[in-house]
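Consider the two complexes below, in which chain A is the common component and chain B and chain C are the respective partners.
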Partner chain A sequence: MDIGKTRPIAAARTATGRGTLRGPRRPRPGNGAAYVLLMALSVVFAGPFLWLLLAALKTREEWVAVPGSVLPDQVQWSNFTQALTDVNFAAYAMNSLFLSTTYAFLITLSSAAVGFGFARLRAPGKRAMFLVVLSTMMLPQVLTILPTYVMFSRLGLVNTYWPWVLWGLAASPYLVFLFRQFFAAIPRELEDAAIIDGCGWPRIFVRIFLPLSRPVLITAFLLSFTWSWGDYIAPALLLDVDHTTLSVAITSWYKDPHGNGIPTVQAAAATLYIMPVLLIFFFAQRHFVRSVVGSAVKG
Partner chain B sequence: MARNGWSRYPRRHFYLFVGPWVAGFLFLTAAPLLYAFAVSLTNFDGSSPRWRWIGFRNYVELFGDQAAQAALVRTIGYTAMVVPLSVAGSLGLAMLLNRRLKAVGFWRTVFFLPSIVPMVATAIMWKLILNRDSGIMNAVLGVAGIRPISWLVDPVAFYALVILTLWGLGGGMVIMLAALQGVPAELEEAARVDGASRWSVFRHVTLPMISPVVYFQVITGVITTLQIVIQPLLLAETSSISTVGQVPQSTRLYMVQVYQDFFLHNRFGYGSAMLWVFFLVILAFTLLVQRSSRLWVHYEVDSDADR
Partner chain C sequence: MNGSEPISRRRLLTGAAAAAGGAAATSLLGACNAGSSGGSGGKVTLTVMFSAADLPKESIADFEAKNPGIKINLLEFDATRLNAMLASGNPPDITIGAAVGSANTNARGLATDLTPYLEKSRVLRKEDLQPVNNSFRWDGRRIGQGAYHGIVKDWSQDATLWYNTALFDQAKVPYLSDSQPTDYDELLAIAKRLTVRQGGRTKVFGLGVEWAWTLYGPIATMILQQGAQLYNGDLTEVDLTTAAARRAFGWFVDFGRSGVGPTSLNPLPDGSDQSTFSAERMAITQDGYFFGGNFVKDKALSGRVRMAPAPIMGDKRVSPCYSGQGAWIPVKAKHKDEAWKFMEYYMAGPPAETRAKSGWGLPSLKSLLPKLPQDLPYQKQAYSVAQRELQYLAPLPDSPYITVDGWNVTLDKHLQRAIKNQQSVDAACASVTTEINRLLKQGKERIG
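Coming up: the complex of A and B.
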């Protein structure tokens, strides 16, 4: 693919100039209209969060009442307790946490190693291999997950967390790219000194490059953690009722004795479910912005 | 290179470092695809050991499968609608934020946040909003005198899916914003001084400068939108893989159809054939977009492209 050869210069510039995401340059007239527009758009983008929370605070009767009211008559925290007890919320949260942490930890390290190889080492076939990395970035999991599921079920890996370990060890092309860009920018003198001291590449990687890449390591970990936390297809296909994750549990398991879904309790569960992602986002927003921007800067 | 038997770059070290990815590519990407091809030549039903090779019969059947073809057309129509809207929308938002405003960081967060919310939660949120009787969407429309709309069933479900997808365009907006801020201000100012209108500055200076990023957005947008499957699945009344048969007709995109053949009809062989045909379709679309890029993507020569 061509993307490996040319490089969008505009994006490249923003990737190197740091903190450019703020920068307005000159005053412009007509900002009053802009604020009105921003306000209106914010309602559309933030509204769903608010409506979710409001639904989580209503009684079921209030929710189905016609005509309904926007605000709950009396705030109902009981939906949250019911969300925690109706299904074994804590157990599924632990499954999600365990699985996502393992996956994120492994894929961060493996992607760092692979990114280091592509950035600092040389061997025949490197260019071709990197092109394959870039093209697999274009091949999302959805296409391979079904045959993978069939394969794994024949290998007896269904209902275990081994698939996530394997996926974690296999590195992600996206994160490999992120690490490669970072490592490629580090001056050569740093490794020269270590080579003269007789240090091998594995040690140079672990002792010099890994510690330097702390911000990228954090970005990669948080990013892959949220991928796995939010993933639905893989756990739905590969894990049974006891092993599955929160994302599967909250989609369709909140039901009354008649088998009808209880939207208010599900809303409470969904609120709890997105909390970790929102927390990660608010504490590490710049990491997210950087990684998203980095993805557009294909090398 | 290897004077005195020493080399700065021993080959095995490169392969050692890159090894995890190579193994992953071979066993977790290439192997499943090849395995799917092998399965597509059988009548495997997912469980029984009594399967046999049937050659290309699945592919032949697929060419006469009207449901699959309808799903493909629907998917292409959906992509043709969603990708331009989300690229234009994210560019529009980015341009709105790329000016001297108060609290730019706040607005950016508001627009970006939806794109990182897990799809499971996004679907739950929109089902609450689009609920026919209790959702706020119909309540708001009701004020304007519009009768309640059944958003989640045919034929409107298609547009519900479009809305849900567009809600997450904040990720694209952040990329566009970064690209816009990479455009040298001198260029635009020079054009303004020369008497160009604001529109022609945008059309002839800004847009060409950011076209590589727009191109990236279009190509990734096309590839991911074609493969959408969990959104329609989760937006359906009963959201789970085992009830994939209940996804409304209008949101039965190609991959949903594939899931139906796997898990509803237990036709793993046929489903695998569908996957492979789709793989080729996606490849064709990617090449198409890539070819078209020569006409509208503007690259500046960049000498250190291959570091």
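Coming up: the complex of A and C.
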């Protein structure tokens, strides 16, 4: 580290009353309030998950008890056992994993390709097309459910995983926007040099732009994986009982013989269900934050 | 490529990657077809849309073993998916549905007339069907007569009561009669005595009416019990401003204001009375015979529960079924004969017998009634109450121009306002009348 270069800056900062770059931070009056606010928000966001976890550890009677207790009297691990054995949890988890991974992989690549096109290629009407793509984000999914079902039914694709492949290849407007913003910020000199070296556009995309866009690739994969993992409507509409996903199984099958849900077992199953997504986010959050912030400021 | 040319490392890696990619793509394509219901070795694939909880894998295997030419493809019941399948002209071969409310489906011509099948069947015979199946009958104008368009799987006298004797003892309230119905006003008074409040919260509810399940069922029943009619002759209009309707609606307003039981303004965490009643936090629940199935494994609670007849508002005893889950075969089903075979198996075969023995609801066939469980004292008591209630079964009115959901949403909205004193009972009944008549008019215009 070149101390000689940093000292004048530090001195200047101290002189202007803004503190040093690397020196010990002085507590600011607003920091305490900010931490309190952040802690309160953490409780608000973590609260539902903790509540779910505690519900999963209670008996059905404790679940409805008044006055209720926050902690279970006796921890009911049996709810987790029941959640794993009442339905074929592992098989449905594999279905969910296969479907979500396939979909996320394909849609990440297709969205990157479309985003690259909008960011770097020239074509008449490109701007209008981009607006059309963005405007489809405004279309609520519920409006397209019936037509989508009818279309896949007529194509003979109901009860198969093909709709997820087709959706994956069709790109997502939001991810296209994300990639377009990211690619637009990459210096044009890079592609000029590649063109001079004889690279075609597909090669420029694969060899230059994709390797540079790791954070946004991870973010796109994470977002689309999470969306597909948590989706209930599409698998409920398009898949049969043996090939459906965990979201449908958890919603539909932890019930007594008369169809009443067993909330504590459902809570246990739901806790297991959200674990993979939480873990993925935990390990990938650095890339996620970086790419979202980056895409927001570039353009 | 020259055969003697050595393979470079790069070429080897490229080849290996291509082979791995190809293998992955092949397996991906194979996996994508995993759920396809295409040909299955000359067998007919019967698409069954049921609740998977109602159709265990053992029953599917047993049916397929007894019918080697049929393979079942089970779809979880989902109303949106059923509508999509009907709209695409590719419906399931057989699906579930409630008898009460089937007028709408039948008037739209969606369900197959099962009468010819019933007349030929040696397993499912018309004379063996419980009268509750009449709600699936449709003559082109009204339910109760004409062709059968569905068969009930199991059902309950849904207005009957279950109560916890220990909570009655604690409140020093005499037990309800096994044979005589309790008047609704008296029931509300009893519920108030049974309700226990602690620290501003309700520790024990006096009465649960399964508010989240149906409001149409009990209010229509109360009107029938007073000898009045809900609909006009051709089921195109209602009038809830009559004295009978206002009394029924007013009872629910009093119930909501008294705080003796859950309502949509004060709902239970899981939406049904079962958990709360089992936790001994509810003294009475209006839940029907099927509810007894909950107590078989709970030895302690099973010694403290009893069933009581459907309460009454007026002079006419009516102990109705609010739903009556059953099965029907869509008109455009591709494999109707095979679907009927499944219907026979499910409604009169081993699954029906298993259901009857479990006590989760009354069987749809008269011949299966003796199979109901009577091993435990509470089961015997409930059996005798249920037997006596059979004579008071009457079908609830069912207009083809409105769904039960349409009724429930409208009633709930105006009950909430009346309970919160935002409108009077009379004004609420007038509003319900206006809104339901608007829905009926829309339904009439759609169906014709």
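The rule we apply is simple: the second predicted complex is superposed on the first by the 225 of 299 C-alpha atoms of A that agree within 3 Å, B and C clash if a C-alpha of one lies under 4 Å from a C-alpha of the other, contacts with A are read in each partner's own complex, and residues count from 1 in each chain.
Note that in this section a residue touches a chain if its C-beta (ideal position, glycine included) is under 8 Å from a C-beta of that chain, and two chains touch if they have at least 3 such contacts.
A quick note: this is a predicted structure, and the numbers were derived from the prediction, not measured.
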item	value
Which of chain B and chain C A:98 touches, first, second, both or neither	second
First (chain B), second (chain C), both or neither touched by A:124	first
Contacts of A:63 with chain B and chain C, given as first, second, both or neither	both
Chain B versus chain C, judged by how many residues of chain A each one touches	B
Contacts of A:268 with chain B and chain C, given as first, second, both or neither	neither
First, second, both or neither for A:284, with chain B first and chain C second	neither
Which of chain B and chain C A:256 touches, first, second, both or neither	second
Which of chain B and chain C A:237 touches, first, second, both or neither	both
Which of chain B and chain C A:222 touches, first, second, both or neither	neither
Which superposed partner A:146 touches (first chain B, second chain C, both, neither)	both
Residues of chain A contacting chain B in one complex and chain C in the other	63-67, 146, 150, 233, 236-237, 252, 263
For the chain A and chain C complex, residues of the former touching the latter	60-61, 63-67, 98, 102, 145-146, 149-150, 153-154, 156, 158-162, 164-165, 233, 236-237, 239-244, 248, 252-253, 255-261, 263
Complex contact set, residues of chain B against chain A	8-11, 13-18, 20-25, 27-29, 31-33, 35-36, 39, 46, 93, 96, 98-101, 104-105, 107-114, 116-129, 131, 133-134, 136, 139, 167, 170-171, 174-175, 177-179, 181-183, 185, 209-210, 212-213, 215-217, 219-220, 223-224, 227, 229-230, 234, 238-241, 255, 258-259, 262, 268, 271-272, 275, 278-279, 282, 286, 290, 293, 299-300, 302, 305-307
List of chain A residues in touch with chain B within their complex	1-3, 5-15, 17, 20-28, 31, 34-35, 37-38, 41-42, 44-49, 51-52, 55, 63-68, 70, 110, 113-114, 116-118, 121-124, 126, 129, 132-133, 136, 138-140, 142-144, 146-148, 150-151, 166-167, 169-171, 173, 176, 184, 195, 200-202, 205, 226, 229-233, 236-237, 247, 250-252, 263, 266-267, 270, 273-274, 277-278, 281, 285, 288-289, 292-293, 295-296, 298-299
Chain A-touching residues of chain C, taken from the complex the two chains share	28, 31-38, 51-53, 73-76, 78, 80-81, 83-85, 87-88, 90, 198-199, 201-203, 268-272, 274-276, 278-279, 281, 290-291, 293-294, 358, 360-361
